[in-house]
Every structure is written in structure tokens, then in C-alpha cells.
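Chain naming follows the written order as A, B, C and D, and within any one chain the residues start at number 1.
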Amino acid sequence: MKIGILTSGGDCPGLNAVIRGAVLNGVISHEAEFVGFRNGWRGVVEGEFSPLHRHDVRGLSKQGGTILGSSRTNPFEGEGGGPENIQRMLDENGIDAIIAIGGEGTLTAARRLTDAGLKIVGVPKTIDNDLAATDYSFGFDTAVEIATEAIDRLRTTAESHGRCMVVEVMGRHVGWIALHSGMAGGAHAILIPEQPTNIEQICEWVESVRDRGRAPLVVVAEGFHLDDMEEAHSHKGLDAFNRPRLGGIAERLAPMIEARTGIESRDTVLGHIQRGGAPSAYDRVLATRLGMAAIDAVYDGAWGSMVTLRGTDIRTVSIAEAVGRLNTVPQSRYDEAKILFG
Amino acid sequence: MKIGILTSGGDCPGLNAVIRGAVLNGVISHEAEFVGFRNGWRGVVEGEFSPLHRHDVRGLSKQGGTILGSSRTNPFEGEGGGPENIQRMLDENGIDAIIAIGGEGTLTAARRLTDAGLKIVGVPKTIDNDLAATDYSFGFDTAVEIATEAIDRLRTTAESHGRCMVVEVMGRHVGWIALHSGMAGGAHAILIPEQPTNIEQICEWVESVRDRGRAPLVVVAEGFHLDDMEEAHSHKGLDAFNRPRLGGIAERLAPMIEARTGIESRDTVLGHIQRGGAPSAYDRVLATRLGMAAIDAVYDGAWGSMVTLRGTDIRTVSIAEAVGRLNTVPQSRYDEAKILFG
Amino acid sequence: MKIGILTSGGDCPGLNAVIRGAVLNGVISHEAEFVGFRNGWRGVVEGEFSPLHRHDVRGLSKQGGTILGSSRTNPFEGEGGGPENIQRMLDENGIDAIIAIGGEGTLTAARRLTDAGLKIVGVPKTIDNDLAATDYSFGFDTAVEIATEAIDRLRTTAESHGRCMVVEVMGRHVGWIALHSGMAGGAHAILIPEQPTNIEQICEWVESVRDRGRAPLVVVAEGFHLDDMEEAHSHKGLDAFNRPRLGGIAERLAPMIEARTGIESRDTVLGHIQRGGAPSAYDRVLATRLGMAAIDAVYDGAWGSMVTLRGTDIRTVSIAEAVGRLNTVPQSRYDEAKILFG
Amino acid sequence: MKIGILTSGGDCPGLNAVIRGAVLNGVISHEAEFVGFRNGWRGVVEGEFSPLHRHDVRGLSKQGGTILGSSRTNPFEGEGGGPENIQRMLDENGIDAIIAIGGEGTLTAARRLTDAGLKIVGVPKTIDNDLAATDYSFGFDTAVEIATEAIDRLRTTAESHGRCMVVEVMGRHVGWIALHSGMAGGAHAILIPEQPTNIEQICEWVESVRDRGRAPLVVVAEGFHLDDMEEAHSHKGLDAFNRPRLGGIAERLAPMIEARTGIESRDTVLGHIQRGGAPSAYDRVLATRLGMAAIDAVYDGAWGSMVTLRGTDIRTVSIAEAVGRLNTVPQSRYDEAKILFG
């Protein structure tokens, strides 16, 4: 069997470990052959790929990024796109199946292509941990670890200067990275997209920390929104062109907190350092197992399925059932964390 | 309510985070009071403890070791031991309940004391991850991370000198640390107590790695045993006094591998560095949640129960049912890892 | 002798190690007594301090921030300020001498106070490494290490997406952190305050990297300025109120690079994570030795002097001679680094 | 010019950064060509080498070990050894000069070959930092950092159990790694080859720590020897064959300390993890600069010289003058550290 692998969307620690796990299991257990598509679906629609031998994946489990490159190309668009063109390209090159490693978009595309007869198995990739089908996704643990280290560092500065630090972490639609890194780092407020909060409440938490003689530390997910209208009002009357650039949520929150509480406040945006570099051991093991399991799914002919983690087991689920349900932070987990605030 | 906390047995990253989670949840949610027993059960039988205030647990989630100290004292032995003496001490000091953080021994003792009427809730502590009642125990992730970093470092030396490196990690009865760190670090053989192997098989793996032009890396759990008689035979005829000191398993394996394969071999024993120091973010979150859940169990009057992790949930189970079943590495997980050997 | 210690200005990894080194050497070698002034010179002019015993500095060498707190208070201002008031406060409290740990401002103030008869010894603190009197200052090595780790992480994202990453590190007046972290991380351009460059040159470096098939990585010190007028021109005609918020240098450079080269570009500002948290071993040793040497200078009566590093030796130099000379990156070091660009 | 590079002796973090610095400076500044000899001098005497292009050194600054391999082969021995044979091999392959990266042995051999007319420049490699000609050698900072992290971890275990921990670090003839990691980690005794100490003195330090309520932490260099005769006596009368295997110094010290003080004592031998893996930023900068400077020395025709660090400058010194003088820990540095003991 000749299997093509692609990685799509934003990079995530563990992508290379998935590739390695798949190639090693394929080569050793099944004498499979592999090709790697360049830059996600773009390599598929443009027929750009190269052989992926056992020695090409040597030492990959600890390497960040993806050796295959990535893009946000949609496989249904462009000259070579769509199921027929793709199937023709696969046939011409003797490629029997595709393992597609990517997020919601990639998995949905994979399902649609499978519905049209293509042989695809998915591996979910979401650093935000926002897919309900899997307990945890690879990359998430590494991001939490990096964010926690940063919070540990910021805390000493906060305490030395009696400042409030506002740290922005990843999490567009869900607050898992904020929840876990905030809990691990002992944050005094954790602000997540699932739980809009008004600025009064935030300042109350911050002031209660100050009143206990400590320096407040606020962790905020990039997708958090205030549930009030203050911000909107503050720029009323400025036309779009002259309206000040908004910046991220931390950049806006810090001066609001300082203005209301009188506590000197600073923001830090962790940004891309959360998604690059060597994966944690946890993510290496998870990613390796998912890559290996994807091969088993291929040899089971489980087209249209994807591999996931449940408890300590790797399982195969139908993509159709798996995507579309956002893995939000449940109320009980937020309530649990909130006990430690303020 | 006045709650006493103790930590017992070998230290483990996350002990302090459990203590902090329990105290904060107790103080904030229930206005509980706390005392910390000194050095495990010894503090209980000798009535040695001190108040544990909110400010005493400040910053503890990232701190290794245990601020309460530990020991291997058995609460049924000694002058102040046994259920009646302990109950009397508790009554005299107005202590209503005990949270006991410890391994198999501590939990078994806690169950027996509970059977005799004491009010105790357990928190499982096992860096080896050998308790079947919980998916993972705190400290394990940190140990795997440290072992993986060490393996990463040893690999470059191995490759530079064309040597076989044999790394000994913790794991007296089960091979989880070896399995996960070996998988994360790309080991070429993982030797665990659950899977006795003969030296011929090990050397076969090692030689096959060498034949592919690479430097073999063997990860061995301290509790692994060869399944043959070579070792026993080699010292036959020496009396006990003159028999050479055996050393650990890695120290014995390295020369055996070198003698049989001709590949220069070195052993490294990671030892205590695996169990000290700051916990990983994963372990801090898990330990904090377990500590918080222990308080809920106390206020539920769930005496004789312990808190555990199942999937992403913290649950309460009866100690009686939980202890006694070893969490061994299942055959399927070993087979999965073995595909990547040699 | 009773010695007062203060830390002033922005925090820096190693401050606590200096305090510990001073207290331990003072207590053990000379049976000195210590007090710690709260929040820098503010604690001096307001007479706010507390005793600093041997057990107060336990475990401090690895702890980031400063247990004494810091501020930017000027000791010549305010009610209790100026040499006479300060001397009176010292006399009233039986404090014989001051060890002042701080940057250029603190050292200059210390010298002026010494000229007026006060007994002060200085310890230079500058995370930017911008004091000519010392080969390296504590905190610098840690900042370089953190920046290098971040660059390592960003590189894998850059390579996976074929992007240009622009990383902003500390360095207001000098480019040492950018130079060392850029060299350690294999940056393709290092932009420092000492070497203004025009945007054409930067884009030339970036394109040459892209042309060799790699993802360009640019490290820029916060104090770097373009040597051309483009930026000024681009906002001509907007009045001050409506002028868009400028943001940091990386935030401005990334879109300029993208616009001119067509290479997708992203900025990351490391900010405060560079100055908080545990110091590197290098900084712990340097800071400990400086703290110990400050005590020797006190017992030598070397008022108005400060302790510095030359080669592998700790020396004492006159503050008057030491301050005022900026430790800029010499042309030869920049030329050396530049060979590796592009 | 065509330049051959070799790495010889034990591996050391930074070897690859030296190779990269040399190749990049050579290719970019001088359009030099490079070959890499396999496995140190063995590749020279056996004429085994391969081309080393610019892309071969990509990303090498952060990679531990040596891509060229290493060995302990002596270039004066064997069929292809000695100056004439080597010169003939170089001539036949058009190799103009050699950059030899290695320790005392390699540098001495390089000098002897240079005396016989060969064109060689040396780069000193010693993780122990035992060469007097350079302030610091690359690899040393990384080793100290790793040892310090280990000491930080062991301390929490020590404190939790009231144990004495004895940590063995590298340092065969000199105690620099022990001195710096011990100082950074707050050790209560630092035992180095330059300062033989008797067991009574060590136990006195250990007991004084215990008496202050703390857990003693002893750092010992592998080359440390007790200055008394106890050990020798204890095995008197056993013939060589039956004498128990001695083990390392930590393994022998821990039980001696336990027997005399009654404090439970444990040893940990850090071993090979100190010399593998990614170099610290400090070592990457130093190694890169040394590699670049070696090329300058080659183009200056400075045969028989080696590159070193003095203060913040890279200098070129004659190997003849440089080798043979051990860089021992001076009495003043030991006395400084000793103040913090006990």
C-alpha cells in the first residue's frame, strides 16, 4: 500500500511525531510505502509530494513544526481540486490512501472527500483542544506547559513591583489553555470565551488579591470578550479609519484595570511561542500513538474515520459524528477553577 | 470543620499542589480550618502538627517535595498508634477528619482506620502510576518528562560515539515511566517488569539498530528482570560475602550487552532526580483538582473513599475496591511500543 | 555592623541571589546584622525596612524577582529624601551602611549620597548589560537563554509555514540580548540600537534567506530605529490624536517586511517573560559572588565603589568612574554576527 | 582553500556550533570548501571524510553531540598515522588545512604535527573547564546548568525526607562544575579534586546543616579523593579479585556519612546527561565565535595556534604555551564558596 500524508492549518507541537508514528508503523508492520504531500491540501491539489522513507522520520518525535509544511488551501478549490481531480492524481501516482492531519476544516473536507469515494483517515489537530471527539489533542499539553512557565516568570515580576500582570494565551473559541495554565500557575482570574464577564467583576477579583497583599495575575484567552458595552462606547463617534487599532484582549484589559483599580498593570501576549518547538513528552506519546493508530485505521479500511483519545485508549470514530461539536470548558470546570480566584 | 492533612511515603511532584488545592477549597468554600501533620502518619501517632493557613499554601502549586515532610511510619504501630489512640488524639485537638495523601500502604491503612470508625479520605500518590483505580496519578507526568529530557541528552552522546546507552528509570512493579519516556524519546528497546525478556532478544534489538547505522538506546525500568538464568549462574560458587555488589539493572545490563554485541555500552541511572523538583503543568492541574475534590469528599462524609482521575473527570471511589489491583502495562500497549523497537 | 540592603528599578533574575550572597557572607564571616529596605529608595526615604535574618534568605538563589520589592523612587526627592535626612534615619536606626543594588540611576544617586558622606556600596543591575564597568551583569544570561528558547520555538513555526518571524527582545540603548540570542538561535538578521539600518537592507537579508529556501528569522532589540524616514512620512498629516498607536518596533517591522517582500510576516514581543523567573546557573553564581563581594567592600570601607566582573574575577571599582559609559555592542562584534546573516 | 574539520574525545555541548561557525565563516567570508573527517583523528589516519556544505550545518548551533562522530584515536599510531602519511593524504585530497576540535590530547597531537610542518589550528574542548589558556570552554556552562537543575530537584526530596543527598558531577582533575553548580544550587558542601578533605570535616558540615533544621546537600566532583586512609584500610586483607567493586565517589561517601552522622543519605550520579543534548545559549555563542575565529586563524596562517576566550574577547594563542597547564580552582574561589557551607 502507498499512503500519502499531509499536515494542514496552523502548526502544532507533535505533528512530526504523528508522521513518524504513522510511517514507522506502516513500514514495519505492513511494509507500506509513504509519500508526504507538500503544504497540506495544496500538495494534493497540485500533485506535489515526495517519498517519505523510514530514515526521513528519524528523530522526528521531538521536533516541532511539520517537515511537510502546511497551508490553509481548500481541497475543493482550484484547478486540481475536488474529488475527481484528486482521485485522478492519486491513481496516476499509485497512492492508495491519505492520512490527513488537521483541524475542523481539514477533517470536514476529508469527510466530504470520503463521501465522494476517496480513501482518507483523519488525525485531529487542535492546539486549543476544541474538538469534542477527543479527550485531549496533541500540542495542547505543550502549549499549557509553555504558558505555565511564562506565568511563573511573570509572577515574580508582578510581586516585585506590586503590579497586575495580564497574560494572553491562545484559545479562540474555548478556554482550555487559559484554564489549565491559569490553574497550574495559580492565576487570580481566568477569563475564557465561554464565560463573558464584565470589567467590574474582573476588577473586584483583582482588588481582592491586592487587598490580601499580593500582586494580581490575570490569564485571558485571546477569544475572551467582555460582556458589557464599555469598549464599544468608548470609541463612539470615531469613524472606522481613525478608530484606534484595537490590539488583543490583554492589551485592552490592562489599561482598563489600571484605570479602575489604580494598580499598575502590564500585558504580555505569549503568541506564537505557544505553538512552536519541541513537544512535551505527553504530546510525543499521544501524537505517536495517534499516528500509529491512523495506520491501523487505514489497514482496516475505516475511511472517513479519525483517531481520538478516550481515557487512556486510542479509538477510531466517524468524522461525520465527531466534527461540529465544540469542546467547550464545562461550567463545572470553570466553577472549580473560580474557587481559587480573588 | 477542622481537617488534618498528611503526606506519606516517597516524595512526588504535586504533593504540595494537593495540599494547596485542599486548603484553598476548604477555606474558601467551607471556611474550614486545617492542620498539617508532620512527617506522615508519624505526626498522627505522635500528635505532632501545626496550623495550615491560607497564606501557608501560597505559591505551593509549583513547589516540589512536601512542606509537611514524610515518613514510612505505620499508624498501627507504636505507642500512639491504632484507631483508638488516634481517635483520642483527634478528639483532644478538635480535628474532625484526615486527608491522607499516600501510596498503597497509606491507603490500606486509611481504609482499616476508617473501618474502625475514623473519618479519613485518601488521595492516591504513586509516581510509578501503579494504582489501577486512577487513569494517571500526579507526579507520573513530571517523571516521564524528566526521563525524556535525559534520554534526549543521552542520545546525542550515543550517536557521537556509536555507543549503546542503557538508561534506568523508576518503576518497581510496573513499567509506565519506561514505556512513556521510551516512546517519547524514541528508544530502541523498552524493558519493563511486566515483560521479562532474555538477553539474546535484547542484543538482537540492539544489533539491528546498529546494523541500520544508529546508536542503540535502551530504557529499562528498575524492576525489570531478565527471564533467564545467566546472572544467577555467573556468580555461582562465590559465597555471599565475596559476591560482587550487584548494582541496579542498567549497571548489570550494559556490560552484558557490550560483551555479547561488541558495542561499547554505558549505563545511566536517573534515580532521585525523577521525583523531586517542580511538577509539570499537567501534574499541577491534576494534583490541584484532586486536593479540591478531597475536600468535597470530606464534606460529603465519604469516609474510606479516595479521589481518582477517569478520562477528564475526578471521581470518588471506595479505597477498599481501589487498592490491591496493580495498574500494569497491558500487553496491547507493550505490543504497540514494540513495533518501534529494533 | 548593621547593613541595609535595597533593590531599585526593574526586576532582574539574580536580585535575590545577590541579597542571599550578601547576607550569608555578612552573617557568617563578620557576624553582621541586616535590614532590608522596602521597595528601593522609597524604603530609605520613608524609613521602611525589616530585619533580614539568615533564614530569610534560605533558598533565594533560585528565586526570581526581589523579596525586598522595588520602585523608581529618587532618594533626593520627597520629605525624607536627601543625604541629611537619610543619614539621620540611618543613625536613629543604628544602620551603618547601605548596599544599593540597581542600575545607572541608583548607582549615580549612590555616588552623590556617598559624596555627601553616606556609606554606600553599589551592585550594578542591568538586564540589558549596558554598563561598561562590568563584563557581564547578572540577569543578562537568563534573558538571553529565555529569548533563545523562544527563537528556537518560533523557528519551527516559521519553517512550517514559510513565514518571516520578527522577534522583539529587550535592549533599550544597547543590543546585547539581541546579539547573543540572535547568534545562539541562528537569526538571519539582528537589529540593534547601535546599528540603524534601512528597511531595504533588512528586506534584502530576508529575501536572500527565502531564496535559499528557508524561513527568515529577524531578532530586533526594542530600542532599534530604522535609519530612514519612511515611518515618519507615512503618518504625515494626521494630527497627534488620530495618529495610529505605534506599537513596538517588531509590530511595525513585520508589516513593512511583508509589504515589500511579499513574505507573510509575524511579530512576537517577548516582553516581561525575559526578566522574571528563576535565574540561570550562570547568573546565580555571578549574583552570589557580587553579593558576597559587596560585603567585603563594606568591611573595606570602600564607600562609593561598586562590584563588577572582569574576566573571571570580581573587582571593586569607583562608581564615579564606572557610570556614564554605555556598554554598546562594538562594531567588531556586530560585524562578526553579520557574517551569519542573509 | 579546502579545510578539514575533526572532533575528537568525549562529546561536549557546542561541538556542532563550532563546526557551523567555522563552515559559515569560511564559506561566506572566504569561499572556502570544507570536508569533515569521520570520528576524529581516525578519519584523518584512515582518509575517511565527506564534504561539508553550508546546508549540512543548518540548524546545528542547538544540536548536541557532533555530526562528525568522535574517537580517541592517536594520529601518530597506525598505518596511516604520523605526519608524513597524514600530509600525503591531505595532498592527495587537496586539503589545505585542518581545524582540530579536542581536548589536551588532541591539542598536543596537533602541536606535534604542526611542528612537523602540518597546517593545523586547534579549538579547545573540555567540559570540565580544565584548560588554563581559556577563561571558559564551551560545554561547561551547559553542564553546570544541567547539574544545577538536578540539584534543585534533589533538594526538594532531601527536605521532604530529612535526608542527606550526595550528588556526583563531572570533574576528573578540577572541580569547576562542582564549584559552580554547588554555588548555584546552594550546596552545603562542595568537594573537589583540588581540595582533599577528610570524612570528619565533611560530616561536621553535614551535621551543622542538620542542626539548623535543614537537609544537607553535598556536591562532589568525580575526581575528589578523601585525604585520609579510611577507605584503604577498610578493604585491607581482601585480594584484588574479591575486593568489592568500588563504584564512584558519591556511592562510597553516602554510606560513610550515614554511618557517622546517623542521617539517612542517598547518592545520585549525574553521569552522561551532563554532556549530551542542546547547548545553553552561552555555549552556543561561545562555540560559534570560536569556530568563526578558527577560520580567521587559518587564513592568518596561524598554524599551531588555538582560539580561546579572555574576558569577552576571542584570542589566538600558541598551543605550545597553552597546553599542559591545568586550570584548577584557585584557593580564593574555594574559600569564597566555603563561606556558604555548613
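Rule of thumb we're sticking to: a residue touches a chain if its C-beta (ideal position, glycine included) is under 8 Å from a C-beta of that chain, and two chains touch if they have at least 3 such contacts.
Only a predicted model underlies this, so the values are computations on that prediction, with no experimental measurement involved.
Trainee: Going by the contact rule set out at the top, which chains touch both chain A and chain C?
Mentor: Expected: no chain.
Trainee: Per the centroid of Cα atoms for each chain, what is the distance between chain B and chain D, given in Å?
Mentor: Computed from C-alpha means, the inter-chain centre distance equals 34 Å.
Trainee: Report the inter-centroid distance (CA atoms only) between chain A and chain B in whole Å.
Mentor: From the centre of chain A to the centre of chain B is 30 Å.
Trainee: If you average the CA atoms of chain A and of chain D, how many Å lie between those two points?
Mentor: Computed value for the inter-centroid distance: 41 Å.
Trainee: Show the residues in chain B shared as contacts by 2 or more other chains, in ascending order.
Mentor: Correct list: 152, 155.
Trainee: Edges wherever two chains touch, nodes for the chains themselves; is that graph a line, a ring, a star, complete, or other here?
Mentor: ring
Trainee: Chain pairs that touch, all of them, please.
Mentor: Every pair of chains in contact is listed here: A-B, A-C, B-D, C-D.
Trainee: Inside the complex, what are the residues of chain B that reach chain D?
Mentor: 7, 10-11, 15, 39, 63-66, 69-71, 146, 149-150, 152-162, 165, 242, 244-245, 247, 266, 268-273, 275-277
Trainee: Can you tell me which positions in chain A touch chain B when the two form their complex?
Mentor: Spelled out, the residues of chain A in touch with chain B are 24-25, 28-29, 58-59, 61-62, 135-136, 141, 144-145, 147-148, 152, 155, 180-181, 183-186, 214, 280-282, 284-285, 288-289, 292, 310-312, 336, 339-340.
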